[in-house]
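Per-chain numbering from 1; labels A, B, C and D assigned in written order.
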Amino acid sequence: MKVRTFTRLTDMIDRRSETLSRVAAQAIGRRSFITRLGQAMVGGAVIPMLPFDRSGGRAMAAEDVTDAACEYWRYCAIDGYLCSCCGGSLSTCPPGTDVSKVTWVGTCQNPKDNKSYLITYNDCCGRTSCGRCLCNNNLRERPGYRMGVHNDINWCMANDSSTMYHCTVAAIVEVSDGG
Amino acid sequence: MRLSHLLLAGASMLMLPCVTQAQELGPEEITVNTLPDDLKRVYLIDLAVNHVVDGRVYILDGEKLDVRGMVELGFLGVFHAPEKSKKLYVATTFYDRLTRGKRTDAIVVHDANTLKIVDEFEIPQKRAMPITYRPLISSSSDEKFLFIQNATPATSIAVVDLTKKTTAELQAAGCYGTYPSITSPKRVSTICGDGTFATYTLNQAGTDGTRVGGDKIFDVDEDALFIHGERDGETYRFISFKGHIFTMSLEGEKPAKVDSFPIADGVEGDWRPGGYQPFAVDAKAGMAYVLMHSKGAEGSHKFPSEEIWSVDLKAKKVTARTKSPPLTSLTISLAGGPMFGINPLEASVVKITADPAAANAVTVGGSVKVGETATQIEASN
Amino acid sequence: MKVRTFTRLTDMIDRRSETLSRVAAQAIGRRSFITRLGQAMVGGAVIPMLPFDRSGGRAMAAEDVTDAACEYWRYCAIDGYLCSCCGGSLSTCPPGTDVSKVTWVGTCQNPKDNKSYLITYNDCCGRTSCGRCLCNNNLRERPGYRMGVHNDINWCMANDSSTMYHCTVAAIVEVSDGG
Amino acid sequence: MRLSHLLLAGASMLMLPCVTQAQELGPEEITVNTLPDDLKRVYLIDLAVNHVVDGRVYILDGEKLDVRGMVELGFLGVFHAPEKSKKLYVATTFYDRLTRGKRTDAIVVHDANTLKIVDEFEIPQKRAMPITYRPLISSSSDEKFLFIQNATPATSIAVVDLTKKTTAELQAAGCYGTYPSITSPKRVSTICGDGTFATYTLNQAGTDGTRVGGDKIFDVDEDALFIHGERDGETYRFISFKGHIFTMSLEGEKPAKVDSFPIADGVEGDWRPGGYQPFAVDAKAGMAYVLMHSKGAEGSHKFPSEEIWSVDLKAKKVTARTKSPPLTSLTISLAGGPMFGINPLEASVVKITADPAAANAVTVGGSVKVGETATQIEASN
């Protein structure tokens, strides 16, 4: 199944959104976050908290972190259950679920190559919430008025057969040029 | 026969005198509670994301902090208790096979005292399925319309006529949140991604509206606004990621900024507001209380509080800073009184009072463990 | 609303159950547990565990325990959420729920008067599970082949409008004569 | 324009070479997993009573103990994975408004590899809504019928024809549990409150059955049987509250006790079995492993284990006692291999192995936190 990325241009208030929302892999609101990547630290000073993780906050950590940990680098703007804890992986949904048609995105820095990657956070849909490895990081996340980088909403919302939320993957769309 | 004397029919058993003496503890009739009119309520809106089909709203006694009842939120539903109405509203989504099958989006209406469901009617399948925030469902000042945030992910505002049980739609692409005018029943505003507000004035029937956008007042990249807004007289107060309080008038055809001022600029420690409902305004006292964390930076905007800052809205200055439990949501009733916060790490509700004699510094009172992943909390007058 | 108690005679295997199950306030399988009350300790040596309470087991305690605690004397055979923690009480269901039509029973000793009481554990029904104060005590509880004293089942099962389980009350039916 | 080069249509974006070099980390396609045929499965059946509408079955890799998938259990559903079939069955109850409205009781059929729902059909609204135990749903030895425990609260056994998708009913008042004959596809037994077993022999069509009751073999008041039964060759093993192991032949028209023996009589400390699935039998090794707690008494029959006792079923004696985590359910596959237990206090699954070289004393291996209020656990061959 192909990745289809929905994001929202910052100037989308031109009312094209009904159309745009149906277009897969839209352009990213680059001004909003990719361009800042050169300046702002990704995984640096920020210590993301996990609001529902009773253990409190932890830092986005370096290379030895597995993809079943909230601190894994690709999760810098995730909000949800890690599919890696639910029978999926970074880019596979667990058995019996469907990939979300629309997504939000983040730009995260890989500690191995110090490059920044555009990450699509697809929800896996159609089965009740997995309940394992709930993570919430919000690097360059914004409220719903910038929907393409908003993570406090169910991104299974546009799926036809079921909008139920199960877990979230974090797949690479491309290397960001940091510009 | 010992056995036989118990072989009695039905409830008549309960009317019998006790076999042995127990004057204080006799047979009990089982009844169903209702909530009194004068209950000071706290609503804890818990999406229960671990079981996302089964969100709920716990209703607490604001004085004793005990649970007095529950309303179902269902699958990522949103909840609204109008100020004057004796009804509680949930907008939610049902599947006839729990998570699949036939989908129905509906407004479920509860009697506020019995908590029984007294009505239900369908709405279009466009509503946002969010982590709950107050502005995602609201009511017009006359409480005749509900405003519900849609996201498909294209955004619009559903205008639900509670009398006719019909829904109109206001296009609001790139905008989010609903902020009903405090004085005009046919007016509602929203926040847009270009840093503006927009105000919709409905026609008489509430079936359509005209939109007037305001001037750009904030920068989403540099210093975004939290969508949580607080009523203060005839204005709304907002706060930005970097701790600038904005006062907006959303009463006219065009939204207008009244003023704005910073609360943390130049303060050592990079303090910022954080959470899902990061501040509460006591309109009577002219005070705002803000959930603040230190070492704030890009991405920290949902961090729980380390301190609560008391802000004099007239003097535009911080009057007190108090160490606080880690809270992500804070509320106070429109009539004032104690505040209530959500501690997400403990999954508890915390009662907080401000002391006017001590520059409105706050004191953390009792707490009660309730809910799981609640993000929104409301207090009734 | 009147209490209606369903219980099961030990000799109910005479296939009358289809009829009996519709009769409210059936007789109790007294041989099975009430008659043993004189000999066996109620609230004595037994230390009930709370399988899902992470705090582990506690003893059925004496007078100073409130009805919001698993150790309260009437809960000697309960399995479920205490309605006292959910907007109800020992004998009232929370707002918006319905009293179950059928119940299981227990016989518990009141530490204040040292008398034994027949307790009806009515479930409150029609709303999703309360989730607060989950308690499980099993004094004289038995598997489902003695249904009237079985607590591992939803006693909202016979309600018409909804069989959903919310919480459980513990009302007194009568003082047991201990015989 | 930097912006414009990203304004590309659809998935074609993924086909582009990267803007900068990243040979190892290129664009990824998102796919959906399936489970391999050779996976050694552990099924953790979790009613999730805190959100009773939303039970689930977690499927774990028995070797690595990681979660590989999930099947929905819904509202107090029951789950059965037949030994040979490539299908997984859930019998559950749906309401079209989550907890109210139109009720549908159904068998939901999943493909065991894709976990997709491949079929669903209705059954009568009589099924028990239980804390899950294995004997509340089972299949005939040819896997053509499901046997489901009914309770309204009057008890009977639903006989579900998986080919015709029809349900017959065997009256079983005062009895509970379903124990399919191991050799006769048309036979199933149950345990009754008078201390007997009863066996039903179905007619050819599976639409009715004749019932033959056995002799009284236990006393419900004095020493009740747990309903959990373990297959051992062509017999079933049961255990009583006081630790007597019963061997039953449920292969003929009439149920017959083969033998029984105590494992804790006379042992200091009042040790008793406890839990929801208090023992497991390794048929190949001729061993039973029993979850035991000390200070056993009336009412302690669901206590978690303090020790696991290894019992030689041929020699009828305890060969080893090992300190254990607090477990309330234990399982082993029919083919042997490691055991898996539920630690309800930690909400974890624990792997346990027996050492034949040390009198089959057990060793507690790894564990994984999963689920919330699970009572049943199963392991595939």
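The definition used in the following text is that a contact is a pair of C-beta atoms (placed from the backbone, for glycine too) under 8 Å apart; a residue touches a chain by one contact, two chains touch by 3 or more.
All values derive from a computational prediction rather than experimental measurement.
*Asks:* Quick one: which chains contact chain C and chain D both?
*Replies:* Touches both chain C and chain D: B.
*Asks:* So which has more C-beta pairs touching, A-B or A-D?
*Replies:* When A-B is set beside A-D, the one with more contacts is A-B.
*Asks:* Please tell me the distance, in whole Å, between the geometric centres of chain A and chain C computed from their C-alpha atoms.
*Replies:* So the centre of chain A lies 47 Å away from the centre of chain C.
*Asks:* Could you grab the centroid distance between chain A and chain D? Build each centroid from C-alpha atoms only and quote it in angstrom.
*Replies:* Going by mean C-alpha positions, chain A sits 36 Å from chain D.
*Asks:* With centres defined as the mean C-alpha position, give me the chain A-chain B separation in Å.
*Replies:* Comparing mean C-alpha positions, chain B is 26 Å from chain A.
*Asks:* Counting only Cα atoms for the centres, state how far chain B is from chain D in Å.
*Replies:* One centre to the other, that is 42 Å.
*Asks:* Give me the residues of chain D that touch two or more other chains.
*Replies:* In chain D, the residues touching two or more other chains are 50-51, 53-54, 72, 75, 98-100, 117, 372.
*Asks:* Find every residue in chain A that makes contact with two or more other chains and list them.
*Replies:* Residues 31, 127-128, 131 of chain A each touch two or more of the other chains.
*Asks:* Hey, which chains are touching each other here?
*Replies:* Applying the touch criterion to every chain pair yields A-B, A-D, B-C, B-D, C-D.
*Asks:* Can you name the residues of chain B that touch chain D in the complex?
*Replies:* Against chain D, chain B makes touches at 48, 50-51, 53-54, 72, 74-75, 94, 96-102, 104, 117, 120.
*Asks:* Please name which positions on chain D make contact with chain A in the complex.
*Replies:* Checking each residue of chain D against chain A gives 2-3, 6-14, 16, 18-22, 24-35, 54, 56, 59, 67-72, 110, 113-117, 370, 372.
*Asks:* Using the touch definition up top, name the residues of chain B that touch chain A in the complex.
*Replies:* Listed in rising order, the residues of chain B that touch chain A are 49-53, 75-76, 93, 95, 98-100, 103, 128-131, 133, 149, 151-155, 171, 173-177, 190-194, 220-221, 224-227, 276, 295, 297-304, 326, 328, 344-347, 372-373.
*Asks:* Spell out the part of chain C that touches chain D in their complex, as residue ranges.
*Replies:* The touching residues are 6, 8, 10-18, 20-21, 31-33, 36, 40-41, 45-49, 51-52, 54, 56-57, 76-77, 79, 102, 126-129, 131, 134, 136-147, 150, 152-158, 161-165.
*Asks:* Hey, which residues of chain C end up touching chain B in the complex?
*Replies:* Residues in contact with chain B: 1-5, 23-25, 27-28, 30-31, 35, 85-99, 110, 113, 115, 117, 120, 122, 124, 127-128, 130-132, 166, 169, 171-177, 179.
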